[in-house]
Structures are given as structure tokens and as C-alpha cells.
Amino acid sequence: MINKKVKNVEEALQGVQSNMTFMLGGFGLCGIPENTITELVKRDVRDVTCISNNAGVDDFGLGLLLQNKQIKKMISSYVGENDEFERQMLSGELEVELTPQGTLAEKCRAAQAGFPAFYTPAGYGTEVAEGKETREFDGKMYVLETAFKADFAFVKAWKGDAAGNLVFKGTARNFNPNMCGAAKITIAEVEELVPVGTLDPNDVHIPGIFVQRIFQAENYEKRIEQRTVRK
Amino acid sequence: MINKKVKNVEEALQGVQSNMTFMLGGFGLCGIPENTITELVKRDVRDVTCISNNAGVDDFGLGLLLQNKQIKKMISSYVGENDEFERQMLSGELEVELTPQGTLAEKCRAAQAGFPAFYTPAGYGTEVAEGKETREFDGKMYVLETAFKADFAFVKAWKGDAAGNLVFKGTARNFNPNMCGAAKITIAEVEELVPVGTLDPNDVHIPGIFVQRIFQAENYEKRIEQRTVRK
Amino acid sequence: MALNKNGIAQRIAQEVQDGSYVNLGIGIPTMVANYVRTDIEVEFQSENGVLGMGPFPFEGEEDADIINAGKQTITTLPGASFFDSSLSFAMIRGKHVDLTILGAMEVAENGDIANWKIPGKMVKGMGGAMDLVASAENIIVAMMHTNKLGEPKLLKQCSLPLTGVGCVKKVVTNLAVLEVKNNQFHLLERAPGVSVEEIQKVTAGTLIVNGEIPEMILS
Amino acid sequence: MALNKNGIAQRIAQEVQDGSYVNLGIGIPTMVANYVRTDIEVEFQSENGVLGMGPFPFEGEEDADIINAGKQTITTLPGASFFDSSLSFAMIRGKHVDLTILGAMEVAENGDIANWKIPGKMVKGMGGAMDLVASAENIIVAMMHTNKLGEPKLLKQCSLPLTGVGCVKKVVTNLAVLEVKNNQFHLLERAPGVSVEEIQKVTAGTLIVNGEIPEMILS
């Protein structure tokens, strides 16, 4: 068993630098690597490009990095719910590349799986396809999209072990598994680091080979964006 | 919950006809849809194309369909261990298309996921790439491969429920999940059909949306090709 | 009388067929789930990674790890499953989801849809909408017939940046049910008490009125 | 004296680095696992969908659902995982597997490898070999230096249909350890008691002999 366990978030984030490209798991505030984001805010890491489906809210998630003006460019599918984001985007401080959500997921998976490019129907005939190769297969038009290239992938799992195996919970899974192994180095923070051998090999969502470092996270706020209940 | 449960293999195989293209899960004899194959042998279904990583052995698995001369063409990555296969292939009775194993898996997944084509490095510079488009990305050469098209996918799972959710065991998983939803109709045979609600939603390997029919299989021989033990 | 948003959702619910997988967009589409007949089997998919969504949780039972694409806390029904984003869009792109219901800013008579961007305004992004409209076999748009200024949203050609081309099959508005085919809007039903003339007046795209147009029946 | 197959496996085991993921082909490569140092951390991947393979099971403990790519019954170690074929080749194609060890019929001085097809004979197929050699960062070939007729297998150019182009980094045979670079075979080590001349005689590709060539050390 190859040991991926590191002591804490400080040790996990060794080598993280300004001007790098990061992938961050999560959908809205669900399943985001909270501990990693908190540590990135502490560090003087600037002008980074973040690949993340969303951009957090003003005072939580990636919003914290935005407030701190650490982000140069966001690659996302949906960036509402964030005033500071809007201000920086409209003022031109922040570069934004909007990508269809399924394409975003697959650009991660392509990087993980060694595919340089793939054809998808999403965005054909729209400004998303501008400047991209398009092509017909069986009478339908597709857009050629390329794999992401990133330095670090930061993901959050429910459980994990020192071998780097990960298990996710509910919809906190989302982009996290697709980002594992999609960057040069993948760092996983987990709610519960369990002893090696306790995860059922059939139920591992992401085998440890895709993860370089794993650490037991400290605590999770798990903020809910839209608390909706029935009467 | 949309009910996919059918009574037995006879009901499951409704609509299966000669000249169709089938996908069959399994690696060697591990995780093959035994009940489905037995039923296909009983039926007068001829001149079928089978997409399957292997072709079984002489008297088990797809070898049974070969003995019965029901197969017109095999699309596989490895077809050793089968004398009747060899005889039919060398005599020209059987058409064989050999595909790198990773490409075979991805051609299934592409069909499942709505990708018409993808670029892979496997087979570049070899006869597998002959007649196919090749292309350079970042200084490396790739071959354009297209998604499979099939009428039926026959898969075997360990557990499943009436919603069509599937869970696989060990390396009997192999191609089975990648074939689910990769054909017009996917039929799953399971060792154990469990009550809906008993599978943990986090541990479902294939959500029911990819499966059209599911049935409780009768018994499994689960023959071992290379019984290897330590002393 | 024109329908309110609940009325639109109620009418669209009639389009949901037994045994179908349905993806509901944010806004009116989300409300459709409340009106689907209870004697048919339907499963709701949300692109953030859940199939088999149930109703909102009871107070105190919210789980931050279980949300829908609108980031609302949800519950799941027996037979539900969770999965990653790549597999979620495999369901969508691979045409395994049978029906997509979403909102729109504009729909053109050729089935084009615009629903993600207003130039000069803050752009929030397309989310999963472009993937959904590019692949779904059956797309129903739920929207008001006109915008806040009273201007038509059913057009000869979209003026806003497109989300997808030639993909919308049906539109249900506060005034009408329309089928989109052969580069025309075909009027199928009127909202109760709304005349064909009223609908024609606020429809900029080609409107085909064939014979007597029945009123919607909302049980 | 030329090595036997176990000797080749033993020598290759020295190439396996601490902390690496390794894919072993059928034949001699499978035997490498028996000789890897026990004080280093290595995980074995098999393309049929398992990471963290252990030794063969004890008699009576075989499980038909747990096999390796050679269809042999295996066991798994703590920390193991099972996965589908698509994810398995994501590991391989995505360069997550660090070292691939496989057999060959021919290797050319430019790193080309042929190991899947002999024209006119029954063709069994390439299995995962083409995916492995097209993507692995580090590929070591384990083979006999000559074929059954005594003819060289280290060639200027492969005569058999290729499995992959320019991909082999190192070859370990019963006679020698050779590095493949700059379109040449560089002799690194000799089997105990085997002379440079003997190796030269059965090597058809360009053989570079730089200085004194040490004998392999097989502990």
C-alpha cells in the first residue's frame, strides 16, 4: 500500500504557488474543500486560475479567495450568487470563462483519463463554440473540446484511507471524483480518515492511484445555500 | 420509481432477433451474463455481431454461441482459449474485429454518454489505426475512434433492484457498467434482486436509468479459467 | 384568464408520461413536480448528481450534502442513486433522460432557445442548460408569454445569445400551449378565457392556428 | 550463464521503485511480483479492474469473481479497490500507472514493440497491450534475447505488426539489460558470465557498448 497520508492541510498544500491553475470540487457550496480554501486564503498565493463549477458566495467557498483578490481567472458553468464576483468581473479585474456544465465535467474526466479532446453536442451553434472546431457525426453537429490542464486538484470526500481511496456522500460527490487525477497533483481532504482495509473495495468511488495526498480535515461548516423545507 | 423488473430471462429477451448487434459484459468468464447466453443458445437468433472483450471458451460463455454458429462477427480485444473460434476464424466463417481493450471500453462508454467519437493514443502507428483519422495534440499522436452502436447490451451484476440499480462484485464488474445504456436496450441479470430501498444510494454502481429490464437469474456456474493457488 | 406560474407548472405536468425520467430546470419547472399524477411512475434527475429526488425535507431534516441543481435541500425516494457529474451528463448527453423542462428568455419558431445571457448585464452562466438542450429528445419550455415590458418572447429569431439551436419541441406559457415544428409555432391550447387573438397579438413568431383551439383543462 | 525466466523476473524487480503503481503483463512479468523488495511500497494494477493485488489465494479460497488479467484467481491486499474497465484504462491512458512490464516478440532500436500478432498464425488479440504501451511513461520489456530458432529479437526494425511505436525504454533479457534511447540499444549489464561478444552476436539492432559493462547483481 502506497501511503498518501499527510499530517494536515499545511503539509498537503506544499508546492502550491501563485499563477497556478487549480481545480476545486463542489457544486454550489456542497462538497467543496473547505479546509483547503481556508488555507489558500491564509497563503500569499495570487493570480491563480480556478476551475470550479461555481464561485461560492460572498463570504464562503471560493468567494473567500475572490474577496482576497487571489483569483485571476475563473472557469465555471454558473457564477451567480456572488456580488464581489460580479464587481470584479464587470470591472475587468477578473477573467471569466463560462463552460457548459457537462463539458466542464468531461474536460476534467478527459484530463484524468488521458484523452486530449472529445466531441460534444453542448454549445453547438452558440457563442461557446466560437473559434472551436465543429463536426458532423451521423447528421448531428458537435464541438471539439479539449482536456483541462491543471497543477493541483483540490477535492473533498466523505471518507478516505491512507492509500488515497475515496468515498463520497450524496450530492457532495459531484465534480470531486472527476477531478481526481485530472491535475498534476491531487489533494483530498476528508471528513473521516478511516484505517486502511475498512473501506469495501467494491464501494471505493475513487481508487487511491488518482490521489497524491490525503488529510483528515478539521471541521466543516457545510453551509446550505437554499434551505428549503416542506410544511 | 420506474419498475424494470421482468419475470425471467424469456421475458427479458423479448425483441432479440437475428442480425442484431449485442454487447456482452465480462472479462474472460468472469462477470458474464450466463443466463442470457444460455437463453440465446436456445433461441434461433443467428448472424449476430457480438461486442465482448473475449469470446469465452469452447464449452462455456460465448463459446456456446460459437459452437451453435450463431455469431457472424466478434468485436473483441482478446480471443484466445477457444478452438472452435480459431477454426471458424481461419475458415472465414467468422468475422473478427480486434480492438485495443481500453478503446473497446471507451467505445462502450462513448455510446453510453452520447459522445460520437474520441481521440486515443492506443494503436497509433499500428494496423489498428489503418483507415482511421489520426491527429496530433501537444506533440503526441492520437487515433479517432467512434462510439459503438448496438441493439442490446447484456450485463451481469451482483445485486440489483426493480428500479434497475446495479452493484457489481470484484473484477466481475469489468465492462458491465460501461455497457449499461450503451445499446438501445440494456438487460441486466443479477445474482440477487434485492427490495427497492435496500441498496445504499451512495453505493449504486449503475443507476437504473441505464437499464431497461432486470431479472433474477437462476444459478451461476461461474467457471474459473485459471485456478491458481499458492502453496 | 392568463395562468399564473403554478398554472403553467400544472399544465406542463400533464406532459409527463408514465415511466419517464425527467430533468427539471430552476423556477417554474421545479414546481412541475408538485402536479405530476401520483398514479404514474416518474423519476426526477438533477444534474448535480441525483436520480430519484423526493420532496423537500421536513424542518430539521435538511442535509447539506443532499441538494438539487437549484442548491435547495432535498430528499430522495427509495431506489434513488447518487453519482458524479460526468455520469450525470452521460445520462443527459446519452439521451437517457426522457424529458427536459426548462425556462427561457426567448424561443424562436425554428426551436432555438436563449436563456442564459443578456449582453451588457451580469452573466451568471449556462450551468447545465446547454448540455440539456443539445441532447434531450423532448424539451418543453415553461415561461411567461411576454417579458416584463410586455414584449413577445416567442420570436421569428432569437435576439439574445443562444443556448441551443432547433431543439425546443413545445412551449407552455401563461397564455397557451404551442408545438414548435416546421419553423412555426402551432397553437394547441389556450389558457381558460384567453382568445386566439390575444395570443396572436403577443406572439412575434409565425403562429399557426388550425381549426378550433381548445382551452386547457386544468383539473 | 544466461538467466532463466525467473532470473529475468528477479532482475526486473530491481527496477520497481518505492511508491509506484505497476502493471504486469502475462508470463515473465507476472513473476516479477515474487521478487519485489518487501521493504518498499508498490501496488499492482490489473487492467480487468483491480488495484492492490495480493498473492494467489490458498486452496479453497479462490473466488471466481476476483481474477487478474491473466484470468488467474487472485487475492487483494488492504487498501485495494475494484473498478470498471473504463476507469481502469483511465489509470493507464492517464499515466497514473508508473511502470508497465510486458513481454515482446520483437523490440526495435527506436523503441517500437511487436507482441500481438504473427501474420498467417492464429491471432489472439492485443488485449490491453496497445493501450499500455501507448501511454505508459516507463515501459520495460521482459523477454528472451532470441526466439526459438535462435534469431535476434532486438532488431533495427520490427518485422511483425507493431503494438506501439517508440515506446520501450528498457529491455531485460536472459543475456542483458539494455536501455533504448537515441535509436540504439545501450548495453547496461550482462548476465553473469555472459560476454559482450555473445550479446553482440545475437543483437541485430545497433548495440552501443560504452566502457566496461558490469554483470547483473542478483541477490
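Just a few scattered comments:
Read from first to last, the chains carry the letters A, B, C and D; within each, the first residue is number 1.
Here, a contact is a pair of C-beta atoms (placed from the backbone, for glycine too) under 8 Å apart; a residue touches a chain by one contact, two chains touch by 3 or more.
Fair warning: this is a prediction, and the values are worked out from it, not measured in the lab.
Set side by side, A-C and A-D show the greater C-beta contact count at A-C. For the pair subunit B and subunit D, the distance between C-alpha centroids works out to 29 Å. Here the spacing of subunit A and subunit D, counted between their Cα centres, is 36 Å. One simple way to say how far apart two chains are is to compare their mean CA positions; for subunit C and subunit D this gives 56 Å. Those residues of subunit B in touch with two or more other chains are numbered 106, 109, 114-115, 120-121, 168-170, 173, 201-202.
Looking at subunit C, residues 50, 82-83, 86, 89, 92-93, 135 sit in touch with two or more other chains. Taken pairwise by the contact criterion, the protein chains fit none of the simple patterns, being neither a path, a ring, a star nor fully connected. Which chains touch which is summed up as A-B, A-C, A-D, B-C, B-D.
Interface residues of subunit C, counted against subunit A in their complex, comprise 46-50, 55-59, 61-74, 82-86, 88-89, 92-93, 112, 122-131, 134-135, 161-166. Of all the residues in subunit B, the ones that touch subunit A in their complex are 106, 114-121, 137-138, 140, 142, 146, 167-170, 173, 201-203.
Subunit A makes touch with subunit C in their complex at residues 27-31, 53, 76-80, 86, 89-90, 96, 98, 100-106, 108-109, 120-128, 158, 168-178, 205, 222-230.
Interface residues of subunit D facing subunit A in the complex, by the touch rule stated above, are 19-21, 41-43, 45, 50-52, 76-83, 86-87, 89-97, 135. Residues 1-3, 109, 111-115, 161-163, 165, 181, 196-197, 199, 201-202, 204, 207-210 of subunit A are the ones that touch subunit D when the two sit in their complex.
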